[in-house]
Amino acid sequence: MALSPREVLARMLLMRRFEEMVITLARAHKLGRQHLAIGNEALGAAALMQLRAGDLIYTTHRNHGHMIARGVDPGKALAEILGRAGGLNGGKGGTWHMTDPSLGFQSTSAMVGGSIGLSVGGAFALKHKKTDNVAVALFGDGALDEGIAYEALNIASLYALPVLFLCENNSKEGEAQTSRLATKELTAVPKALKIACASVDGGDPEAAGKAVATALAHVRDGNGPYFLEAQLVRWPGSHQTVHAFTTGVTDVTAAWDSAKASNVHAEWQRTDPILRTARTLIARGTVTREDVVALDNAAAVTMAKARGFAEASPYPKPEAALAGVFV
Amino acid sequence: MALSPREVLARMLLMRRFEEMVITLARAHKLGRQHLAIGNEALGAAALMQLRAGDLIYTTHRNHGHMIARGVDPGKALAEILGRAGGLNGGKGGTWHMTDPSLGFQSTSAMVGGSIGLSVGGAFALKHKKTDNVAVALFGDGALDEGIAYEALNIASLYALPVLFLCENNSKEGEAQTSRLATKELTAVPKALKIACASVDGGDPEAAGKAVATALAHVRDGNGPYFLEAQLVRWPGSHQTVHAFTTGVTDVTAAWDSAKASNVHAEWQRTDPILRTARTLIARGTVTREDVVALDNAAAVTMAKARGFAEASPYPKPEAALAGVFV
Amino acid sequence: MSQKSFTVAMIDALAHSLKNDPNVVVIGAHSFLSDRGLKPEDERALWDAFPDRLIDPPTSEGVCTSLATGAAMAGMRPFLNYGTATFAYEAFNQIMSETANVHAMSGGQLRAPLTLHMFAGIRGGGAGQHSSSPQAMYANSAGLELVLPASPADAQGLLRSAIKSDNPTVVITHTKLLAMTGDVPDGDFTIPFGQARIAREGRDVTIVATSLMVREALKAAEALAKDGVEAEVVDPRTIVPLDAETICASVRKTGRLVTVDEGNALCSISSEISALVAERAFDALKAPILRVARPPVPIAFSPPLEAHVTPNADKVVAAVKKLTQA
Amino acid sequence: MSQKSFTVAMIDALAHSLKNDPNVVVIGAHSFLSDRGLKPEDERALWDAFPDRLIDPPTSEGVCTSLATGAAMAGMRPFLNYGTATFAYEAFNQIMSETANVHAMSGGQLRAPLTLHMFAGIRGGGAGQHSSSPQAMYANSAGLELVLPASPADAQGLLRSAIKSDNPTVVITHTKLLAMTGDVPDGDFTIPFGQARIAREGRDVTIVATSLMVREALKAAEALAKDGVEAEVVDPRTIVPLDAETICASVRKTGRLVTVDEGNALCSISSEISALVAERAFDALKAPILRVARPPVPIAFSPPLEAHVTPNADKVVAAVKKLTQA
């Protein structure tokens, strides 16, 4: 079942508006650091929207987009980021550890390499249960620096575990490199370990969607693990500790209004997956400019409600800090 | 400078007689476990005899052969294995941690993957000092299961460190496999990480010697790391906890006396690197049968003296246990 | 009741678990089962009975821990055996940052019912890398149960509880206990966590000891009894949770405390028990609290060096005499 | 003397080390130097001055530790910065089994003069994986020196000593100390290990505190002074080696002890100091020893939850009052 391009765009817009809301709230509530997934929307939506009930997901510090893409309640997610009782984890996790098992999220680990490690355990359990569900490990290129990633790739291949290794590569050589591998090809090591591999433009939701579909089919059919590298354009604010609208608040009309697209953020707007996707779909006649504006407005409405929920949610009682360590 | 085949054979015989003496002493003194290097003599001698002053060596639980090959005093080594004050480490290390920095031995680590990790540090220091010395990591195929091995290969390649990764592969599929890699090619991952690689028959001292010479030249010339896989025949006693002369006490005359070579150990005697090398050198006329017997006798004499030294060496004073933790 | 060795008791606990719960899987089965005193046919039968659930993994402690943890979060009940305790250090981040946090960090949404087993202690010739007693490090974490069995019966009952527990549980077995034999109840039974065992009653001094040191404490108590000193020996059995009540009650009775644990003295289980009593039963104390522990040195290979730093009955006797003769 | 922030003091120590010894190399330089309060031109100047000796390695804590250790054994003097302390758990086996053992296990033939630095503590929003205070685990090892600086001057002097030390030295910096400013002697100086600092003199109670908790203990002492209770605040500064003498002498003077450390309570530095005093200065004690530490729970993200479990001045005051009012 192919994804509807319009729905994918709608989801991408929600992901973007979510992160922009995080910036707004981070400033208003003086929050610490979050890692925003701005720029990762195309891959995120295309991948997570294809998962099924029972699939297990393991993500990283840069997790917000994955959760929104999969359909997690943005109000509960924002509440968690604010540390509120109504948050996904009741305030115990915060941005780095949001979890929603009802949608398959097993873990957000902020340890580089954490998600890839745990994912093989989920895959092991799925194989034991003889389902056609899959485990999906989402991780950055940086995770491949860690020995645990190598060990996980090896054991997944050795035991033919049903796991999709989905690498979000946002490393640009020279600037802001988040991995230091001796090879430029991120698929070289998984290939050496006999894992089926592919690379795809992660800024193109259709290409990414197809690549993910191929990968998922491979894994669901019992052929063992699959490693997919999604090449992403790095958002300039990816590593900011104090949040700023580094590339401006997204203006979807910049997709067609060349005056807007030639401002200081022109370089970003050229590669921004949201604007890219809007341009493509409009050119192809799949959506109109008005559709895009309408979808964006709907996302804004959803996020305003989500903010209302999150900010109205109380903090947990202090004594809750001592409870819930053991079952 | 090529190695003299006769000297290599002599060294191999000393290595073998050393391990046989360890079996004898282990029984006499009720020692715990050692990992013997019987069967690894050809590679060990060919590699270690080529090293220079200033080269740094990092070895594993199966270290005895490496030390004897490099010329470490067998008496001090035996004394260390017995835990005596006259041992290499004054009794503090035992079989698993023998060290002799005067010959370049920096560390014996009994942690699988330990030697390969530390070796890149030595290589880093050598590069910093701008010498043409090399670091040599000796490790088993099992080390490649560990994430630390992957990280070490990566950083060595990334920083072009002068290190020879020398893998002693004694894994036979099915029986006594000491590694569980998803690929049968041990060089696949180092290759993926852009490290120059080769494999060689580690039971043939000439082939091994040439392969090591090529590898060392590559590293000394500043071309970065090199990964050499030596394929070894696994000695059936490799994993014994209570030592036995599993394949009999080595009888060099079995190299030419077919009656002896057809006993219960015939399979082993066919592949035993000592007998193989003797047969080759005799066939080629490099040595005579009498030479082989004479070299073997010399090894036996050396080992008898070594035993005498070791057994006469006193235990350290108990209070020494508390000293020497900090400099 | 039947006589069993410590290892056979542990293996029986594992076999009960495998039989009763199809989600139990053993990772690192080989080093747990082989050369452990089972009859060869019994060992063979186990491997044959559970061909998919006894696993001999790569030498990759890190990912074995992630695998076991991830599988536990997804509904299985893994038992992971590391072999020697130091090997688990390779997985320390996985244990501390992932496994221990699963339940609390998810706000109770997830749980990680797995057992992490390791062989520890000064074992005779283990030297610097195979002689660790890391119990205090696991106690100092948050989110891990910690079990230190000291007898065959406890080994079987506590291990069975560990596997049944819905929390991640670290079980540390002293290598020198493996050959110990003792009476073990028949069948499948559990021993609850957080209940100390009074291994010997006494009135003059309390000795709190763990793991192999319980045996040494009992030996010391026998020796002391000959001099008219009656020592009470308390074995907490689990450190997380800890039965502080039983320990404090004993000290309130005896007025004196010696703690014995084989870990490095600094920030050890011994330190903890001492601090606990200095906090909660201070008024009952008639004398300083003495610790018998390993001095903070890497263990040397040589037998006399190893012996010099190993806590034992003689050292316990000496500590008690210091208190009772003062 | 000049006023400096804690981080600038640490960076100055590093800069002195780089200048004075060509074998000093910094691995993990970026997270040590960037955003740490240096003027941009001063930071730039450092990178320019030591282009080959300030290194930004792969995210591979394990091999970075092996690399630093191997280089130290071969004559260099590496300073390895892990960033957040939990990241060092990835290297725990390398630290515990390799680094800590180098000197002893080789029978004194080799040494590993390196510094392992990490940022630790409950830092505000660090949640379960970025809030560890692992000092007790390092103290429980054998073969590692352990330093916990609590002021800018100590940070500079102790760090300089750590780099000069011929032993592997773990330095743990509390993240919340980074912005602290204070008077620091000018130039290149060292502070010897094993010498506690009396941060405040008093007669009624001894408060032994480490790292950030020294500040909280001093705040508590000010508050207590208003009620006529004069607390003596002792900062051991190094845990290995530990200045037991100064601690015991203080308790002999005051007769009361409260220990304050941010680590998990169980088997903590607090437990150790308590046990030390219960052993060596028991006769001077007039009251139980109380510990103020973090309860053994993973740190939750939410601010009120985090605050609830963080040791602070109020909790210290409450503990002291329990003792002095009893």
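Observations on the model:
First chain written, first letter: the chains are A, B, C and D, and each begins at residue 1.
In the analysis below, a contact is a pair of C-beta atoms (placed from the backbone, for glycine too) under 8 Å apart; a residue touches a chain by one contact, two chains touch by 3 or more.
Computed from a predicted model, the values in this text were never measured in an experiment.
For B-D, the matching interface among the pairs B-C, A-D or A-C, defined by over half of the contact pairs being the same residue numbers, is A-C. Pairs A-D and A-C differ in how many C-beta pairs touch across them, and the larger number is found at A-C. The greatest centre-to-centre gap from subunit A, using C-alpha centroids, is found for B. Between the Cα centres of subunit B and subunit C there is a gap of 37 Å. One finds 42 Å separating the Cα centroids of subunit A and subunit C. A straight line joining the Cα centres of subunit A and subunit B is 49 Å long. Under the contact definition stated at the top, the residues of subunit D that touch 2 or more other chains are 57-58, 60, 62-63, 86-87, 90, 93, 97, 101, 104-105, 127-129, 142-143, 296-298, 300.
Residues of subunit B found to touch two or more other chains are 87, 89, 91-93, 97, 109, 111, 145-148, 151, 154-155, 158, 180-181, 325. Listing the residues of subunit A that touch subunit D in their complex gives 31-33, 80, 83-84, 87, 89, 91-97, 109-113, 142-143, 145-148, 179-181, 241, 315-322, 325.
Every residue of subunit B that touches subunit A in the complex is listed here, in rising order: 145-151, 153-155, 157-158, 180-183, 185, 188-189, 191-195. Within the complex, the subunit B residues that touch subunit D are 56, 58, 87-93, 97, 99-101, 106-107, 109, 111, 114, 117-126, 128-129, 135, 147-148, 151-152, 154-155, 158, 324-327. Per the touch definition, subunit C reaches subunit B in the complex via residues 35, 56-63, 86-87, 90, 124-125, 127-130, 295-298, 300-309. Remark: subunit C residues 86-87, 89-90, 92-93, 96-97, 100-101, 104-105, 127-129, 132, 134, 136-137, 139-143, 239-240, 242, 263-264, 266-272, 274-275, 277-280, 282-283, 285, 287-291, 296-298, 300 touch subunit D in the complex.
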